[in-house]
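The following pair of complexes shares a single chain, chain A, combined with chain B in the former and chain C in the latter.
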Partner chain A sequence: MKKNWWKILGVVLVAHALISGLLLDVPRLDILNETIRNLYFHVTMWFGMIALLTASVVYAVKYLRSGNIDFDDKSISFAKIGTLFGMLGLVTGSVWANFTWGEPWSGDPKQNASAICMLIYFAYFVLRNSLQDEQQRGRVSAIYNIFAYAAMIPLLFILPRLSPDSLHPGNGGNPGFNIYDLDIKLRGVFYPAIVGWTLLGVWIATIQFRIRSVSRALEDN
Partner chain B sequence: MRRLILLVLLFVSLSLEAQEDGFRVTEESYNDQSVEMADAMRANGKIYVVVAVIGVIFAGIVIYTISVDRKVRKLEKEVFEEKP
Partner chain C sequence: MVSQVLVLIKKELLSEWRQKYALNGLILYIISTVFVCYMSFGVKTGTIDKVTWNALFWIIILFTAVNSVAKSFIQESHGRLLYYYSIAKAEAIILSKIVYNSLLLLVLSLFGILTYTLVMGNPIQNLLLFLTAVILGSIGFASSLTLISGIAAKASSSGTLMAILSFPVILPLVLMVIRLSKNAMDGIDLSASTDEVLILLAINILIGAASFLLFPYLWRS
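Presenting the complex of A and B:
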């Protein structure tokens, strides 16, 4: 139980986001209406993805430094759940956009950039599966992981902000969500939701990793 | 058979008679606000119902994940702790 406190914390925080996020008051804004509550679900997916992919690249570097195959297993586990979060972010974003921007895909710079980012990570999984030797696969995919992460940061955080016409808040001359974040009620759900979803993702990643290490031990015997 | 029908009719008439001079449910009792019901679940456009459904789904997924976690732990114990 002592080791699992963070799993419980993650579940409690996400439950808080699900219940308080739907029931507490939110600012009444034009066009957004009640969909501003997606801040607790759609936006947190991306924050969770960044955290999980950061963990993935950290383990990739650790693998390159040590050659310990366990780090490679951790790296792929975090990359998988991080990409899942990203896909969920894309899909939920399309649903949200359909009802606020008028169409699910409006070619918004941030939409395009995050789609490219997903494709880069899909290539990571294809690359991994194409290599047979364990250590070779670990080295090549760890290096690719670093490049993918380095490409993701400008794709998500810099290029959309440079472009003149983005629909996303905080991009292309639009006011950021920070204006709404200043509302203490939104913050009270938004920040715990980020932590909660991230912890949930870490939990799933550790289960993945443990299954991998068990099956590796069985193969070696 | 006849006796049975007679018996059933007798009981039906009994209950009808009982209602006549006892309490009767009318249209008004549907609008009686003095009696408390589970109104919260129907207030605010029934959003509480949606919250309850989401809560149940989330609880189910969490319980499932916990069970997977436990199964993996069992496997870990078998594989890593019983090495000859």
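Presenting the complex of A and C:
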């Protein structure tokens, strides 16, 4: 029980995001209106994704330094769940964009950047599957994982900010969360929601990891 | 270390010169691609619009780069790689390959500009800035593609893998280069494009450092 407190915390925080996020009062902004609630579900996915992919890279580095196959299992588990969060972020964003921008895909710089980011991780999975030997697969995919992460940083943090014509709230004169108000009501749900979704992602990733290591142990016997 | 790098670069240049078919093949590759573009647009010189001209040029260079760098590890025989492994440091190998590939790409892109402007017209107003973009682009392409060709060489079906692994990773670089060369085409002064140049330099350093640090792990397997 002592070890599992963070799982309970995660469930409580996600429940908070779901219940308070859908029921509490939100500030009324032009265009956004009620869709501002997507802040708790869409934006938090990106924070969760970056946290999970960072964990994946950290384990990739650990694997390269030690050669312990457990670290490789952890790395791929985190990468998978991180990609899942990224896909969910794209889907929730598209649904939201359909109502606010009028179409699900409008070539927004941030949309493009995240789509490319997904392509990188799909390529990572293809690379993993094309290698047969366990240790070599771990090593080569860890190298690509680190390299891709290093190349992703300019993608996610620099490029969208370079072009001022992003449609996202807060960019290019659109009503935003930061300009007008990320007021106390939003913050009270938004920050816990980030932590909650991330913890949930970590939990799923650890289950993934345990399934992997159990099936590996079964294969070896 | 430095002497090792110099010897290896010299060896690359010599072997390239002695087997001219590879270089001739790449030159013919550029000519045919440029000619295919020229014929399929079906335009007289100078009538194609600037954005298309620019994008098309960089796509041609990108594909040429992927094809030319792919041979640095994929086409080397297993025995020869083993021989390098026994006589040289991993850092020296990657550095020499990157420098050599940068030179190769630079020569190929300069040749590309020549043929491309010959048939598609020459809208470049600030040639110096355009050449800066070409130089920075060649170095960036070389440093990221060299490591990826090393990764792809480890797996089966490395041709496809080379493309899917490299395109998403290289995209931020391509976008920045296209932006910079568009500035050059519009005749904007270098001083107005320092942002782009600096970001390109930063991406190059980031990717180069990542390749340099990661390659020894790849080499060992």
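Assorted remarks:
To be clear about the criterion, the second predicted complex is superposed on the first by the 210 of 221 C-alpha atoms of A that agree within 3 Å, B and C clash if a C-alpha of one lies under 4 Å from a C-alpha of the other, contacts with A are read in each partner's own complex, and residues count from 1 in each chain.
One rule holds in what follows: a residue touches a chain if its C-beta (ideal position, glycine included) is under 8 Å from a C-beta of that chain, and two chains touch if they have at least 3 such contacts.
Worth saying up front: this structure is predicted, and the values here are computed from it rather than measured.
In the superposed model, A:12 makes contact with neither chain B nor chain C.
Of the two partner chains placed around the shared chain by superposition, neither chain B nor chain C is touched by A:91. Greater residue coverage of chain A by touch, when chain B is weighed against chain C, goes to C. Looking at the shared chain after the overlay, A:150 reaches chain C, while chain B stays out of its contact range. Once chain A of one complex is fitted onto chain A of the other, the partner contacts of A:24 are absent, as it touches neither chain B nor chain C. Of the two partner chains placed by superposition, only chain B is touched by A:214; chain C is not.
In the overlay built on the shared chain, the residue A:204 is in contact with chain B alone; chain C does not reach it.
By the touch criterion stated above, chain A contacts chain C in their complex at residues 64, 116-117, 119-120, 122-123, 126-127, 130-131, 135-136, 139-140, 142-144, 146-148, 150-151, 153-155, 158-159, 162. Across the interface of their complex, chain A is touched by residues 47-48, 50-51, 54-55, 58, 62, 65, 68-69, 72-73, 75-76, 79-80 of chain B. Every residue of chain A that touches chain B in the complex is listed here, in rising order: 7, 11, 14-15, 18-19, 22-23, 203-204, 207, 210-211, 214, 217-218. Interface residues of chain C facing chain A in the complex, by the touch rule stated above, are 144, 147-148, 151, 154-157, 161, 164-165, 167-172, 175, 199, 202-203, 206-207, 210-211, 214, 217-218, 220-221.
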